[in-house]
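Per-chain numbering from 1; labels A, B, C, D and E assigned in written order.
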Amino acid sequence: ADTRGVTGTSVIIGSHTDLSGPLASWGVPATNGARMRFDDQNAAGGVHGRKIDFKVEDTQYQVPLTVRATNRLVQRDNVFAIILGAGTAQSMASYEITDKLGIPNVFPLSAARSMAYPTHPLHVSYFVSYQDQAVGAIRYFHETAGIKSVCLQTQSSEYGEEVTEGVTQGVEAHGLTLAMVGTHRTTETEFAGVATAIRNANCDLIYLGTTGRDTIALYTTLRQLGVTVPIVGNMVSYLPVVAKAAGGAMEGLYVVSPVADADWTDGDAFRTDFITRYRAAFKEEPTVQSQVGWISADLLIKALEAAGPELTEDALMKAIEGISHYTDPFGGPDLSFSADKRFGGNSLTLLQVENSAWAVRQADLPF
Amino acid sequence: MSTLSVQNISVAFGGLRALRDVSFTVEPGQIFAIIGPNGAGKSTIFNAISRIYDVAGGAIRFGDRDLLTLRPDQVVQSGIARTFQNIELFEKATVLQNLLVGCHGRMQRNLLAEFLFLPAVRRGELAARRKVEEVLDLLDLQHLRSERVADLPYGARKNVELARALCAGPKLLLLDEPASGLNPEETTDMSFWLKDIKEELGVTILMVEHDMNLVGRTADRVLALANGEVVAEGTVAQVQADRRVQDAYLGGAA
Amino acid sequence: MRTLFKTSYGFDIDHLVDPGERIRVGLLIAGALALPLVLSGYALSEMAMFLCYALAGLGLMVLTGFSGQVSFGHAAFLGLGAYAQVWFLQRGVPFLVALVLAGLIAGVMGAAVGRAASKMHGFYLAIATLAFAILVETVIGAAVPLTGGHMGVSVPPITLFGYEVQGGWQTYYLYLAVLLFFVWGVANLKRAPTGRAMVAVRDSETSAQSLGVNIARTKITAFFASAFITGVAGGLMAHQLYYLSPETFGLGESLKLLLMIVVGGLGTISGAIIGAVFVTFLPNAIEILRMVLPSGIAHQVGLEPFLFGAIIAGFIIFEPDGLYGRWRKFRLFLETYPYYKRATFTRQKRYLKTGRFR
Amino acid sequence: MQFTDAMHLLVIGLAQGSGYALVALGFVFIYRATEIVNFAHGELMMLGAFAVLTFAELWGLGFWLGAAMGILSLGVFGYALDALVMRRVIGESQSSIFILTVALGVMLKALAGMIWGYTPLVLNVPFQGTVDIGGMVIATNRIAVIIGTVLICIALYLFLGRTRLGLAMQAASQNQLAAYYSRVPVKRLISVIWAIGAMVAATAGVLMAPVTQVSPEITAIGIKALAGAVVGGFGSIPGALLGCLLIGVAEPFLDYTYPPLQGVYAYAIMLVVLLVRPEGLIPQTFRKKV
Amino acid sequence: MTDDILLETRNLETFYGPIMAISGISLKVARESVVTVLGANGAGKTTLLKTISGAIDCKKGQVIFGGAEVQNQPPDRVAARGIGHVPEGREVFPFMSVHENLVVGAWGRHDRDAVARDMEQVFAYFPDLAEKRDQMAGFLSGGQQQMLAIGRAFMGRPKLMILDEPSLGLSPLLTKTIFGIVRRINGEQGVTILLVEQNAHAALQVADHGYVLEVGRVVMEAPGAELIESEDIKEFYLGKADAGVRGERRWKKRKTWR
């Protein structure tokens, strides 16, 4: 076939991701996980006899660098598809290039709605969008705890705006009030002022559109101020360090996430093998982000297999749309795609910090 | 022709009163010298005239203009150019470029025209260049035209600074110690130039100078200053004969 | 070595009087025109980005290189230009008109900053521009109806006289033309009174003032011209970014612009362009370096910014006059060969004096 | 807002301001002695925090020994940085040197990322926990920052103004040639200054670690510290303290009053101050006497 | 007698980039003597002095001070050997007080009492400075800064004092004072003096020996008294002579040593 990036013996897959910027704690493990999956597949003979050639470009989370990286992948490396593109604005810019050329650009490392909505034949996301994460969380706490009002603090970024949208949606759906909205620059470390404002707003639930460091700072400050209502973050705060931080002061923080860290200790053969090989290859512990990378690669491989030996972009996208109730070996929630279901996740997981670690409170949370 | 009249000006720095009620008048066509011990306030007078220092009281008029109402960059428009005691040239630029900046006050400026370099801008440049060459000829600096100022020895810089001030086409020239750092031969040259500038260009000169030789040769009138106050004023001979001037400044027999 | 006899003052005023230089610049332009014949689509898109950076650098050069006002926030003008361009295009304003308007909007903002900053000096000014850039970023993020906020906006394609300009060589030639026009203009400015006034303000404010240079006005003019050019660069760059979001024009981008002109050589037009070459193609060079490095190091995360920093640091340590300075030395070597004396550029020891006077 | 809230925000603001000030002090100290604006100072702070973390946690030396060794090693690093790099560019244009420090910052940040990774790490400090002051619960680590800053500030101020070494440092920054002629060993002195500056930065990194965590991204504090120092009048130690405290204290109150703009206030305050006083609160530049 | 030579330069050559500023200068300064160097603008006097004190590097030749070669050493090391340099053009520490300037001048000295005494001595020489003891040096008048630069070098108690145009911008009275001081520290404290001065008349009066520099070379050297009598010196360097010889004549006589 004369499909771009596909030969009889290889298929080129690209990724533009953040390996050294602010989102590196997502980009690096995800890339590692995906690389592991591809290497395994290649060792097993590839897909339909084609080895997967995985090209990764560092964008440092900057749009101009992403554009250049995408151009390199598309024009020089001649990739067949792009996966795990990091960042919302970054992926949006990358879409502008790949869409024109009909290149699939799938499973970005962002749960923004714009990643797969409005529906576009070349975009799918494996997560549940930030909006739906917020909607799901609010519904849960409304139903279980009968909350009446919500406070929201987000970063001033596109991520923050998405979260705000979702929270607004959730609040309206259940007739609640949004008592206060605050935003901060991503580099902020001190939250006493807003925390006081939040406390004085007396809401029943505090939702955080934060990432890692600011989650820790804001959460500890709120608790120090004597705030006792539930505080919920979303998938971006779902990091081991957030649970471990501040000598136990993170106890009680909730997050909703479309993915959940595997139970590494239950002796499952796959997971034990994964963790040992991962440690050996990358000199660090696997995280949920490594799983995301692995699963994205796995989904892609499944789709490549299903697309058949005559590989075209169209066939790949059709094959992805055909995936239904995919379950991953890490024990995460199942995924389905279709012509109009562009976000794969079917449910969320609610987790909470307990003894400086994440504990699942409720799996298969609907949204 | 305009007269510079300084009336009762005072300048203070915090508690220090650098000038106290200083008055004098420089008639057109004169070479007027200010002498006085170090720290007497001579440079301060210059700085007050060129509006770098604010005066605490008094008036400075040049012709019919009240200088105290002007901004420092407007002073040159009224016909006053100056040099500095410690030499303030544009070090990284060539002599030619320095002198062209000297012409700045008289050139037309229009950003768009300059960006497109319309013919009018070219004409302006050529005119400025001719002026610069005239001054270079007058002060015998042609050979330094494309030297970088930073590479010049002290004495040459002094002359370049004088040239730059002349490029502004002033009616009154303020010279702060024009002969310091010059050897006697060069000082003699300087005295000729000062006379040429006065006689041929018709420029009035107000200068601060410690070299009594130069003052004696050139100055029409001399003002002696000490501790911010006028001690004596008159011809060179009159001032030199003043006891207080001799004690405080010349050191006994001059 | 050739000797050039000057026979009129025009020789000191005109551009490119030296035949050798004429040939060099001619060759350079001819080479630039011929590039699309040999380059691939990817390389041409890199070139278009390079032209945008060169133009932005040229803008900053007017401010920092000529008039000595360091700006840490120039990416704000890039962003203003880019957003303005998109806004006008979305409303059907023709491309070239939109570009000029984008420049004007950036320029007017620049003049306002210049007005506010006319009393500030050196580092204070630099930090104030940084704050300004952060505020601009915030405003762009907040002005959702105008700018799409943090979600960003996608950029319409370029249409010139009803004809859609394709990526690749068409965009490349368009951008090249714009850059050459501004290079010519800035070169003009430099030989005219306003340009000289800027340089004078840079070297000694007191002295410039005593020669009739209005400091505030000169600074405002410099800011205006600089922001205008950078705004136009932003307008062009928008089309290369495809998608605008406020974070794109943050501190990192501002520092990159500054870095570009310093590495290129402050105070010269060539410096802006050489600096842009350096900054745009350094990642490619690092890529090549990666191939020869042992794989353990080559796949090290963060290697790219590290090498980026290291190469720039190396350049400043060994070539503080910038790449343009290096080129001048090389040219002199060629011209005077075999009489070239190393001593020509060996420096005497130098000593710092305080910069706290103005 | 209740009175206790206000008091609480005030204390937090003071602590945060002190944190900025501690970083700013390092800037100012290096600037005062060399007139170099070290844009990599936030990176030195980060390196200091990482160094202490390495010694204290990864090597298991415990906090106090780890802190001492970490801070000292930053001193050595600062000295070497000057002796090997900064010394070579003495006399170059200010902007070149500035860009050099930017480049160094980029390198240091990338290096830290390579060594310690990008996920924030936790440094356990002994001043964990809270104290109750009249019904107001304050984290002990905040108080530690305030005390640390006050002590270092006084020490540096006295050092610069009152000791002969301090005078010599100032002399070296104002006129190197004349300092050389006066026998001042300028080069060595400047290296010592870098060592001290880096140690102050490392101290700041350690004291701020409970608030910021330790990751390559904490360098961003450097920019606010810079803003604080500029507000105070760049180059003045009391000015840096004043400016940073002003920003530190104003921030939480403004955040409280209008939460949607958190993180922008510091810069807005700085712009306002500079518009009114273009040289900061305690001006450090002067019109040249001519 | 070489023992009596405190400072000697041999064939010194110094370049600024491609420009050779001094080309093969050899001179000797005997212990406890006053030596003056005369020369027109740009002759290379300042360059010579800077090369001696290590502020700039020479390409060829030696600087021998107190028996040791010191050329191309860092200036602080050279100074520590006992050279005090009063640079051209008032290089003070502008944001430090007069007092602090003098304290830095005494860097490296540990005899506190003597330093205090020397400080009083400086203030006695220059009462103007005493008045401004706590004022920032950058705002002193030009002449006051010059006094401060001289005083600061004096505070270092050097063996050899190098003065580059010390009378620049000083009033006639102070110029006299300066030369008086030069003579005194030379006579009373045995400090050797190397003096560059435009005011050749005054310089030659105190000098034991003089050198004349032209475009980077020594064109004449002789004991001070002899130089005063030289026709060329009279014509070109002595203000006194020119009233008689040159007068109102604008053309210049050719120097006979060319």
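Convention: contacts are C-beta pairs under 8 Å (C-beta built on N, C-alpha and C of every residue); 3 or more make two chains touch, one makes a residue touch a chain.
Quick caveat, the model's predicted, so the values are computed rather than measured.
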item: Intersection of contact partners for subunit B and subunit D; value: C, E
item: Pair with more cross-chain C-beta pairs in contact, given B-C and D-E; value: B-C
item: From subunit B, the most remote chain by mean C-alpha position; value: A
item: Chain located farthest away, centre of subunit E as origin (C-alpha); value: A
item: Chain centre separation (subunit A, subunit B; CA means) in Å; value: 73
item: Centroid distance [mean C-alpha coordinates] between subunit E and subunit B, Å; value: 29
item: Between subunit A and subunit D, centroid-to-centroid distance (C-alpha), Å; value: 36
item: Between subunit E and subunit A, distance of the C-alpha-averaged centres to the nearest whole Å; value: 75
item: Of all residues in subunit D, the ones touching two or more other chains; value: 110, 113, 174-175, 177, 180, 223, 261, 264, 286-288, 290
item: Multi-partner residues of subunit A (at least 2 other chains); value: 20, 24, 28, 156
item: Junction residues of subunit E, two or more chains touched; value: 16, 55, 94-95, 138-140
item: Which chain pairs touch, all of them; value: A-C, A-D, B-C, B-D, B-E, C-D, C-E, D-E
item: Residues of subunit A touching subunit C in the complex; value: 19-20, 24, 28, 58, 60, 62-65, 67-68, 71-72, 74-76, 88-89, 92-93, 95-97, 114, 156-162
item: Partner subunit E, residues of subunit D touching it in the complex; value: 164, 167-168, 170-171, 174-175, 177-187, 286, 288-289
item: Subunit C-touching residues of subunit D, taken from the complex the two chains share; value: 34-35, 37, 85, 88-100, 102-111, 113-114, 173-177, 180, 223, 226-227, 230, 234-235, 261, 264, 267-268, 270-271, 274-275, 278-280, 284-288, 290
item: Residue ranges of subunit E touching subunit D (in the complex, touch as defined); value: 53-55, 74-76, 79-80, 84-85, 87, 91-96, 100-101, 103-105, 107-108, 138-140, 149, 152-153, 156
item: Of all residues in subunit E, those that touch subunit C in their complex; value: 15-18, 55-57, 59, 94-95, 138
